[in-house]
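There are two complexes below, and they share subunit A, which is joined by subunit B in the first and by subunit C in the second.
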Partner chain A sequence: MADATVLPEGRNVRLRIDSDGWIKRAFMGVIALYLVVALALPLYAMLSKSFVTYSFDLTRYEFQVSDESGAVWGDPVTAAELNDRLGEFAPDDLRSSSDGRLSVTDLFPDFSFRSPVMYRIRGTTDNAPYLVGLDLQNSTDWRELDSNTFRRVNLRPVADTGLQNYQEYFSNPALFSSIENSLYIASISTVLTVLFAFGFAYAINRSCMPLKGAFRLIAMMPILVPSLLPGIALIYMFGNQGFLKPLLFGQSIYGPLGIVIGSVFFTFPHALIIISTALSISDQRQYEAAESLRASKWRTFWTVTIPGARYGLISAAFVTFTLVITDFGLPKVIGGQYNVLAIDIYKQVIGQQNFEMGAVVSVVLLIPAIVAFVIDRQVQKKQVSLLSARSVPYEPKPNRRFDMAMLAWCTIMGIFIAGIIAVCQFAALINYWPYDLSFSLRNYDFNKMDGGGWGAYWNSLELAALTAVIGTAIIFVGAYMVEKIDGFKTGRAAFQFLAMLPMAIPGMVLGLAYIFFFNNPANPLNAIYGTMAILVVSTVTHFYTVGHLTALTALKQIDAEFEPVATSLRQPFWRLFARVTVPVCLPAILDISIYMFVNAMTTVSAVVFLYSTHTALASVAVLNMDDAGDIAPAAAMGMMIFYTNATARVLHAFASRSILRRTQAWRVR
Partner chain B sequence: MSESKAVVMQGAAAEPTYLKIEGLWKAFGDFLALKDISLEIAQGEFICFLGPSGCGKTTLLRAVAGLDPQTRGTIWQGGRDISELPASQRDYGIVFQSYALFPNLTVERNIAFGLENTRRPRAEIAARVRELLDLVGLPDQARKYPAQLSGGQQQRIALARAIAINPGLLLLDEPLSALDAKVRVHLRHEIKELQRKLGVTTIMVTHDQEEALSMADRIVVMNHGVIEQIGTPTEIYRQPATLFVADFIGETNRVATTYSDGAVTIGDAVLQTHAVGLANGAPVTMAVRPEDVLPHASADGAAPRPNHLDVRIEAMEFLGSYWRTHLTSPALGDTPLFANFSMNAVRRFGLSAGASLTVELPAERVLVFPRGGEDG
Partner chain C sequence: MTNSKSLALGALALVMSSTALWAQTELTVYTAVEAEDLERYAATFNEDHPDIKINWVRDSTGVITAKLLAEKNNPQADVIWGLAATSLLVLKTEDMLEPYAPAGLDALDPKFRDSDNPPSWVGMDAWVAAICYNTVEGEKLGLTAPTSWADLTKPEYAGHVVMPNPASSGTGFLDVSSWLQMMGEEGGWAYMDALHNNIAAYTHSGSKPCKMAAAGETVMGVSFAFRGAKEKANGAPVEIIIPEEGIGWDMEATAIVAGTAKEEAAKTLVDWSITPKAMEMYNVGYAVVGIPGMAKPVEHFPANIPEKMIDNDFEWAANNRSAILEEWSKRYDSKSEPKG
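This part shows the complex of A and B:
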């Protein structure tokens, strides 16, 4: 019967695209273009930079030398022939960077700048750059120079592409050991953080201990400060003049130990949120079943609790691992001589101005970040399907011994976290550690220190506000277009990929990529280099993914049939967007904006390459003041960031509540 | 089978065609969700697309709405070819199973949503909203939010919003499925009344046969992406065109057998039928509805009459308005026969489990379908 039928030949019917369709596509196109310019192109520029090598090619230059009279010329000879004869430059000497210069007089042992001998130089190919003084020459025509001028002739290297940078990187044991170091500290920190956070989350979700709300608040505090702040606190506690130094029994806090302790501090809330979510969705009925089967508590824990939370644990592990391996602030402050990948990028770029090698390290750092990202996404997908299952939430029953043990654990973690913040606060408020412990606000007088002064703080505030407003608008509109556009599958998939990509890109890598892309004079967008605009763009891009996912989740919860209904009522999409979508999603929109704000205040990694003297930032000032030895002011600036973020959080909570009360009356029955 | 699907315009011939679908196909990859669908709907008609889930009825509705375009085929609405028009340029109101009421807007804002933005004066819009609220019988709920209303009330608001703009076509996608049984029955009637009052051409998608039978002027029964039958509710019920329709709408006893000379043989019993156009010896499925099994007093020793069977009651199940009865007959061998007997019949014939009686399967009620198709 009907099964035998086949689709008749012909053209597939395609609906004409109406004005709404075009506007949506245009919006999505603009935001996709933003992501291409702010993400894809810079990354491409960085990747290609890592393959660029510079060397002097002596075969490209020819010389002629006259006799003492300056009128009789010898035979032309190439620089390569001269070098073969003399053995002046070994092949290694001819490797260079984009700034390299090679003095030609070294090829003429008889050269004297006072002699009347004349010299001629020309290129043998179209691309044979050399400098006469400061003038760049690139010509196959002979150019005649007297000895005094010839002295100032320098060859310039020519660019080539190849794997030499990578070969050099992997054959350099100092650089290569950073990979090991990075993996080492990231692994240890991950294991510790996940264990500690699991204990904490377990206490909050599965016990009847008191003060859960307070512990939750304390556990979230590390999010509000830059990752290098725990480093400063640890120096005060365990550094050379630290008041707890004897506790280390001769170990040094500068190095892996300090990095790991600090990493546990700043990754703790991230792991806690994920694990806590995983534990909170477990099903009471499974525990009742286990109890009715007389399973021991221990057995129930391993057969019900852990499997139920496994996706959360895996996800938390990868998030922590990525955060640690890509973090730059903490190893910078407390790493001492211990090199990690993120530090290498900084050193190569800021210290040695070797951008190509910086690009190579960035590519190396990208690999673990991308692997962790891909695995995490796979796990997240499974977690979602677990979440959607209908289940009875678990209700813990009081158990005095267990509750007290859990309380003890949370107290230890709480003291650790609050202690680190408290030490910073203490350090910021005393006169001169450890000699003068009297109270002083001297350390808040940032204008007397290097690092940008109070201006840096106001810049940070401006950056955070701009990032929150512009970033949230771009992210939410982008997510709306990708979620609610009809058809246009390929375009949406491409957009989705671009929106997910930032999560896999470490901040250092993004910042370096921006140098390559925006600092290129040939780029018309070069104008934003060194301005607040590039800081906003980089920060919005760096934190794009989490905001995008939050927006998508909120949009997916809205009835998918709103759009068809509004269309059938002949209303343009933007009316539905303004009247319904935005109001309904307002809680999520506020969440995105506070997330962007807090992260813009604390971020160091991407912006450290991009700030200029008049756009110095508070988080970078912490780094620079610490670098300059002004540790107490660094702690004070760190605390300024903390106060600001804490205030922003409180304001956000109030705003959310009042907006919810006013505009979301419909939520209450 | 496509001949039997030729469009029959009985009962609606007086009205001109409003919606015409011709040669519609829909492919999702290799899967064909709609296969060569052709259909005409008259002005003011109430049509139900009825079928099990996955039969393509919602796909067909979404093609008509321009939400998911068909892969091949043409749709005309009011004489205009709308096959390639985007949804915004078509002329319909739609009500979904979820109601899709805007949760942050009050009832009156919801209804007014399609009226605003049309340069209409505010007072006129307000008047129209009041009129619509009266029409759906919820005049005092204007300032409430959707979440404060019951499911049935929300459904009526969704309906009011859809008809506010006076659409030429009203599309209802399983509008009653999310409601309680009682509310559903009540709303069926109300929607039908409203539709008649407004005279708006309406297509309703449903998987509930009762809903379709009680509301529709004509029913389009669909299965596996094809139309099995188009007809009025009584036609569909009384003269199902295919075994699928017979099975899907109401209940049937079905037995595989062969056809010869206007009759089918089941075990020792020969049942006369009114079937025509079948070759002798053709494999067929005989179907008879349980309520068409008529009880007669047992006539022991009397000469066997055609289409009468002596049966024994194996079990009886009380279902409120009737008894569902499991019958066996030596003539039928192992094949069981189910009958629905009214309370009266049970009392009159003194029926109980273990009792014997004679039942008649009237020749005009014995349906015969050729076997060999997927449903056979």
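This part shows the complex of A and C:
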């Protein structure tokens, strides 16, 4: 019999979780809870907002009309019955937005505001809002009005849920064309940025050109300024009064051209870091093999170099694409009439207070970002290590012509980047461009301008410092728990997913989601709305992913044996964490904190919806000053951010060096 | 207890009681008043009421209105001081304003108050539409300055006119609603169709067109007179032109936010906001203020502003706002691709 051969099912073997394990799980739970509250719930609130629709419900209102004497009343009749009889409003006409109005006199063909006929209106349910003039009424009691007042009666829409907002969005050609524009801009900028950055990275890693260090520094400069600063510089260079305007041959800088140039500027360092890392890892032996097979330089490039760097190139492309499509500062400053998704959100929310439509555009904006993100993750999974223990690092050989060409290319990019920064500084010091070119510090008198004045600058410093300290602590501890916990697979996978999610969330979407979620009186966390705390939470969350990945990379370098050894020596995990893990990972921790600091100084998109009276920020001030037309002061404030970040970077470099010397001696053999 | 100790304790008690006596009420005031005026407004108010401290939340009209609406279920503001009446009308239809008849209400021009009794809001000063014209750039191009709205559609101005986008700027909406009121629905849209051909850009802020004209980025910007006067004072070669057909206008107004916990202080502020002293304060930058006959001429402002102000129907504008904006974006927003 077959049954006899089957062994009885064994006991499920499970590792007993020690107290350390429980503490670690608790820690991870707390940080996961943070991510749920700061990310998942607000996004859910926003998603549900996009399904809130407004329409006029005619069954909720009842009318009575008198005769000419004003004393004898006809039978009550609902608005719906009147409409059925007249066919005045098609169902489509009854769809509306939160600010909609429907004039009731359209339901009375004989209506004349001069007639002595009297009208009565009432709601048939509790929620039947209507306006008399501008007074909101909502009652089931009859209200009697003369005809002259009755013509000032407007019905208000009531909220419901449904897909109506999405239908409306996709049937509105103006809004729909923004999708096309956004994709167009993002694709072109991505191709250009990746090409340029590849050339630059190639020069730095594969040539023997001089001044590599200086070029590296210059290439990193755009990361230190808000994304709208290049827009301001481009206006000074190529605007109608720009000193380089003839170079455009009559093209206007306002529009796609300006957005693309500015996007290349601010995404360049992001792409460069990724591509440069990919190019720096290569095996000399492959090139030697190609050479001995007599492959031409050109062929070697296409069969060895490009395949080796392809994952880096794909990653860089997606990062650039996401950055451009979600950026909002640049199109606002230099986009002219060119509508993109990020601007639509701003127009819907700020211009028309149509939060529901703003939420819909946010959801639409999420799609390309998430698609790009998912593809990138898939590609990353396929990445295999190119370096094995036997690899020989690639050593570039001097080649005068090639090195000079590379130097020329880097010089062009260097002039482009440094030039834009220099133009901003120059603009900030001019009294009144272009009519009074005298030198002046007038533009630094921020207290006389929009945007919060010098206070905004100090607030930004506070935000950046808090974000750097708190954010780094949360991110590193979270990464440690995920990496060094045993078992608990599902929990770890869920946490990992939450930690990767912020990368795909545009800042504006996050900011809008925070309004919906935190400014709800039913929310116990409502108290942080309008404080510095919500700015810190949103910034930490917005930039969580890159910090998390950095921490994971550093933690993976630590041998997994440390934990078992510590356990067998009966040392609690926190002692190991404090004595070994943190000191070993200090370089990564410093990197995370400077990343958080710099981004907190420059970010606009998430915080633009969240700052308040005491928490105006420098980066938002740049936006607001430009918005009001104070371009030179905006440039001045942008440069303050640049110098602050540059200083922070220098301090970071010094700190890293001295800390490395003290704690990383073990790395030196 | 030693003597010195009790002395110190006594001093401490004294300090504590005196701070209690001088305890300030803090009011959160939402405003769209120009940033450079805020300090002066608060200081002048504190001359009469040192016990009330104003915490400003300042932003452009659209942002403040969006903020107020977003916070509808949980208002953060106590008072709104200096926001466009058009925006306050939106808030009124949402039942967000506390009706209150401030002392001295009778002195106000009836145009400068909500017609209900008690009024939900009271006006401070008016800001009027105007064209900022850069004379230097105009001369370079051989153009003559416009004198009317109709002039703006002249073919030689093509690409030299900038106006605010009504979907994102209150000034832009004021222009559009005034054209529709002056020229009628059909005439108004026909006018804007013609104007659209000349527009170089629709900006997101109402003061930007004038600043662009002042900086020579464009020749003429449809903006408001206040901004033009400021630019002129800064040395920009701009003329402020009041079109002869008449000009749209809006007022800055004050209201108490319904449900504020600091009603007494809020009422004190609203009372003060329509005193002659406050009107003098507004008059520094604005040529038309809420109490008739009080305004003195303001430097760089054209003198004929009051008679050119149209009979603005705010209720009509507020009740038709979303329909107008929808029509506007349908007509002009989708055409926004650059001309190749």
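Everything below uses one rule, namely that the second predicted complex is superposed on the first by the 553 of 669 C-alpha atoms of A that agree within 3 Å, B and C clash if a C-alpha of one lies under 4 Å from a C-alpha of the other, contacts with A are read in each partner's own complex, and residues count from 1 in each chain.
As a working rule, contacts are C-beta pairs under 8 Å (C-beta built on N, C-alpha and C of every residue); 3 or more make two chains touch, one makes a residue touch a chain.
These figures come from a predicted structure and were not determined experimentally.
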item: Touched partner set for A:Arg575, first subunit B, second subunit C, both or neither; value: first
item: Touched partner set for A:Pro587, first subunit B, second subunit C, both or neither; value: neither
item: Contacts of A:Asp20 with subunit B and subunit C, given as first, second, both or neither; value: first
item: First, second, both or neither for A:Glu561, with subunit B first and subunit C second; value: first
item: Partner chain(s) touched by A:Pro76 [first = subunit B, second = subunit C, both, neither]; value: neither
item: First (subunit B), second (subunit C), both or neither touched by A:Gly491; value: neither
item: Chain touching more of subunit A, residue-wise (subunit B, subunit C); value: C
item: Touching partner for A:Gly419 - first (subunit B), second (subunit C), both, neither; value: neither
item: Common interface positions of subunit A, toward subunit B and toward subunit C; value: none
item: Subunit C residues touching subunit A - in the complex, by the definition given at the top; value: 28, 34-36, 39, 55-60, 62-63, 65-66, 69-71, 73-74, 76, 89-90, 92-95, 115-116, 136, 165, 167-169, 200-202, 204-205, 207-208, 210-212, 214-218, 227, 234-237, 315, 318-323, 325, 329-330, 333-334, 336-338
item: Subunit A to subunit B touching residues, read off their complex; value: 1-3, 5, 7-8, 10, 12-18, 20-21, 486, 559, 561-562, 564-571, 575, 579-580, 583-584, 663-669
item: Subunit B to subunit A touching residues, read off their complex; value: 1, 23, 25, 27, 32, 35-36, 65-67, 69-73, 83-90, 92-94, 96, 98, 100, 102-105, 113-114, 117, 145-148, 161-162, 164-165, 167, 171, 224-226, 373-374
item: Footprint of subunit C on subunit A - complex, ascending; value: 96-97, 99-101, 103, 131, 133-136, 152, 154, 156, 172-174, 177, 181, 235, 239-241, 252, 254-256, 332, 336-339, 346-347, 349-353, 355, 432-436, 447-451, 453, 515, 519-521, 526, 529-530, 612-614, 624, 627-631
